[in-house]
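Right after this note come the structures.
In the two assemblies presented below, chain A is common to both, partnered first by chain B and then by chain C.
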Partner chain A sequence: MIAQFPVVLGVLRYEFRMQIRRPALWIVFAFMLSMFLLLNFSMPETRADVIRALSTRPLLKAFVGFTSDVNLYFPICVGILIADRLWRDRRTKVDELFWAMPAALSARITGKYLGSLLATLLPVLLFQCIGMGLFLYVRHDLMVIPLGLELFAVIILPGMLFISAFSLACPVIMPLPLYQFLFIGYWFWGNILWFHPVFLSLGRTLVSPIGVYAVQGFYGFDVTGSHAADSNLHATPLLGVASILVLVGIAIAVLFILIRLLKWRQAHM
Partner chain B sequence: MQIAIHHLTKTYRGGVQALNEIDLTIPGGMFGLLGPNGAGKTTLMRILAGILYPSAGSIRVGEYDGTTEKGRTAIKRTLGYLPQELGVYPDLSAREFLDYIAILKGMDERKARQQRVGELLEMVSLNDVASRKLKTFSGGMKRRVGIAQALLNDPQFLIVDEPTAGLDPEERIRFRNLLSDLGGNRTVLLSTHIVEDIAQTCQNLAMMKSGAILFRGTTGQMLQEARGRVWTITTRGNKPQGNVTIVSTVNMGDTVQYRVVGEPSPQDGIIAARPVEPGLEDGYVCLMREQRTLASNAGV
Partner chain C sequence: MTLDRLYYELRLRWISLLLTPLLIVVATCLGVLLTLHFQKNTTLLFLLELEVFLPLAAGVAAANLIAHEPALELLLTMSRPHRVTGLLRLLLLLVWIACLAALSLCNALAFKLLDMPAFTQAWSPLALVLTSQLLWLVPLLWFIAVGCCLALLTLSRTAGGTLLAAFWLIDILASHMIAEDIPWLKPIILFAATMLIYPDVTGASATLVADSWLTTRFEVLATAFILLLLCWLLFRNTERLLKGTTVE
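Up next, the complex of A and B:
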């Protein structure tokens, strides 16, 4: 029996390396960043709003708003960029070689998931750091740094773990372009229009990957959107914790099911 | 390390039977597995490598039972596998890819792993290009990376599936010599439809067709199958008649020289006809002819 933890670490390292080197990763994020800047800085009125938010609004509220904005759009990039990781193994035909290795499938999948996710989260973290830098420049308050990291961990990370697990797993059972299309479509439906009562969506439940329960439960604010107050969420800190645990728990369950499915498929070929 | 296969059957989903009650014992050293496309060679290789599960039958690789999960994992620790179509990550360098594979083979000590990777890159003459991305490698170079990854864990059992397909003659000779060197103290199962690869490297072989074993024995015994049945016939252009399979045709200008296997019949236009010493390819053709005759007589 070979030790599996070193396999997880080794696979994580290489998957991180391969993902971080992808030009597509940086192009997609650069595109999203451009859209973000265009929406927030292109018009004098919106520019004025942003500057006002940075300098006069209470720090916590301003930074939570910034982080929520990041978490509204950047997960789209994460979802579509992780979706092709297992599909790529089939396309390049390395999976045949991997099945002949003594490393456990669970170790390979875990390493692939964590490595791809960490690499894909790096641009998001960089953007959060840019936000930290802006707030630091305007406010001259070093508490911005731990606050920024906390908000990243509490608001952004659980949802990213959740969608990454689905993005790794779902293309195993459906064509990759179909999954990417459905993912983007559902993201707009369920997470950008989540507050609209007409649209049936998980965005108002504990399974919301944009962190609505964490934002309201821990910090007392609503996720950005003028109609967010109509959501009738009534989140408490306990519900915020529950939401995070549910998101992470589902991510783990999805990975577990993925491993079982791949093993079952191999045994029944 | 001996491999014992008993009544091995594999039926894919959809009812395609790829292997039909195969019985085979593979001794140590180089062992050839010969057969046309669709014979079941790759299926057998994949079952031995633990990638596919058999529908019925038993496999023992040394002391390990290849039909259980525990046995398969144990076999994989002592196995080196070079698949027919080697997949690589194109954006990794040769060194990185081999390091990745070494990690999957359980080589977790970094220094020892890197040393082993360096040794193998040297052995397959890829040291100078080790830092280049695999997408820049030619087919022959990728195949060498393939054999290097198969040898990372110094396997006792090496499976190579069609290793020389698509290689130029020089690359093919280099590969064959490399395989022969490896066969000294391990079991090497070489699957191919190129008879010359087996002739140059293997003492023992088996021949497969349509999921069944047609022949098992030594290369000498396979040659014997064709003794007295191989002819060189020179004509003015007309093809030899009779119950024959034409193995080669050489146009000499005014005449054409045919190498045939079978029973040629007398005909006009033959300038010369003489029996010749059979090669392994002739033995292969002979066995395939016999199998077709048997099948035809059985009404299959």
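Up next, the complex of A and C:
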């Protein structure tokens, strides 16, 4: 396993560079940024509302609301941008070449997963930094920087690890356009409708990539920035930790199943 | 000859063209049966199917159909221009989803599974059926036009799919904000019936329906036609299309 570590690092570095140079990644980031600016700053009234919310609401509540918004919009982009990574190997017909190499499949998949995820997360982190900049400009408080990074690690990262594992694995067993559509449908059903108790939604369970349990358990608000009691969900810090562990655990399990599946396919070719 | 060609296109692209929209209709049917079993209102399910999900499926499929063509170099050497082939595929997609949506809407209206504003009771059944088709037709045309445009501009089906999904999500979550605070962005409200008129559909006044739904339908339709024209122009730049084979 340790002997394969340089392989993981090498694949990670290459995948990161390949993903970070994709125009699609930066086009999507530019689009999200322009929509954010259009919706919040294009009219004097909305601009005044945003500045008022940034300056008068308690810092933690306002920043949790901002980070949860980032975590509501960006994962849909991250999921689709990662979905074609393994499919691309098949399309460019290099997968058979990889199988002939001494590098273990598990090392290659791990490196691919981490490299493409880290690169795709960079625009999300940049967006979070824009949020930090806004809060810093309005509040003049340097504490927003560690707070922003903490919220990124607690709210955004576990969900991203979870959806990226599925996005890498699922297109192996279904066509890419079908996965893209099913993923968007899942995001709507499982995460946008989480506050509707009538809908049986994964968003109200520990398997919630928008971090409902982590946000409520650790900070006492729901993901919309409202008071936790409003959502009728009883989350504790322990359940928050459990939610993060479940998300990361499922991501690892999905990668494990993916590696087994690819090995099985390789053996039956 | 033309029928053979259509049949061949369907066989070649049946997953993108036929399967995804069919899955949505089947899922809606199951949802409706379940909702009726619990004696709840089925309006939201039909609105989500017709206005929100079928158009999105069409957009994602359009982006995939246009941006992903393994035999592009071969197609560009044919006597039939590539843009005709591309538009034929889009037309197939449009007709298939339009058939599914129209059938679904007519069934919902016939069995009174979809609430309509009270003032429409004075309308003739034909007028009601024809006007209500705008529910799915406008977002469908818009998504196909945008999916095609994005595929031709970015030359990447991933970028096209991601941008469509992001815009779809923003449109769902920001419709109220746009309607109330940013009037100049009203032409991008795609899901007016689901986001602005539901849940009080029956009680919606004629003024509200005209302002929030009908006016925005015509504005969205106008942008869809402009985008389709742009697609036609982008299709003519064949050299640029070839660059896309190496983008992803």
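Assume the second predicted complex is superposed on the first by the 252 of 269 C-alpha atoms of A that agree within 3 Å, B and C clash if a C-alpha of one lies under 4 Å from a C-alpha of the other, contacts with A are read in each partner's own complex, and residues count from 1 in each chain.
What we mean here is this: a residue touches a chain if its C-beta (ideal position, glycine included) is under 8 Å from a C-beta of that chain, and two chains touch if they have at least 3 such contacts.
Quick caveat, the model's predicted, so the values are computed rather than measured.
Participant: After superposition on the shared chain, which partner residues are touched by A:153: those of chain B (first), chain C (second), both, or neither?
Facilitator: A:153 sits against neither chain B nor chain C.
Participant: First (chain B), second (chain C), both or neither: which does A:72 touch?
Facilitator: After superposing on A, A:72 lies in contact with chain C but is clear of chain B.
Participant: Kindly classify A:14 by the partners it touches after superposition: chain B alone (first), chain C alone (second), both, or neither?
Facilitator: So A:14 only meets chain B here.
Participant: Applying the document's definition of touch, where does A:245 land relative to chain B and chain C: first, second, both, or neither?
Facilitator: Neither chain B nor chain C is touched by A:245.
Participant: After lining up the shared chain so the two structures overlap, which partner does A:253 touch, if you call chain B first and chain C second: first, second, both or neither?
Facilitator: Neither partner.
Participant: Just to be sure I read the superposition right, which of the two partners does A:84 touch: chain B = first, chain C = second, or both, or neither?
Facilitator: Once the two structures are laid over each other on A, A:84 reaches chain C alone.
Participant: For A:267, using the defined touch cut-off, is the partner it touches chain B, chain C, both, or neither? Pick first, second, both or neither.
Facilitator: In the superposition, A:267 touches chain B alone.
Participant: Which parts of chain A are in contact with chain B and also with chain C?
Facilitator: Of chain A, residues 22 contact chain B in one complex and chain C in the other.
Participant: Residue numbers of chain A touching chain B in their complex, please.
Facilitator: Chain A reaches chain B through residues 1-3, 6-7, 10-11, 14, 17-18, 21-22, 89, 92-103, 108, 266-269.
Participant: Please name which positions on chain C make contact with chain A in the complex.
Facilitator: 15-16, 19-20, 53, 56-57, 60-61, 64, 154, 156-159, 161-163, 165-170, 172-174, 177-178, 181-182, 184-185, 247-248
Participant: What does chain A use to touch chain C in their complex?
Facilitator: 22-24, 27-28, 31-32, 35, 38-39, 42-43, 45-46, 72-73, 76-77, 80-81, 83-84, 88, 91, 175-178, 180-181, 184-185, 187-188, 192
Participant: Under the touch definition given earlier, write down the residues of chain B that touch chain A in their complex.
Facilitator: Result: residues 12-13, 46, 49-53, 73, 76-77, 79, 81, 83, 85-92, 96, 99-101, 103-106, 108, 149 of chain B touch chain A.
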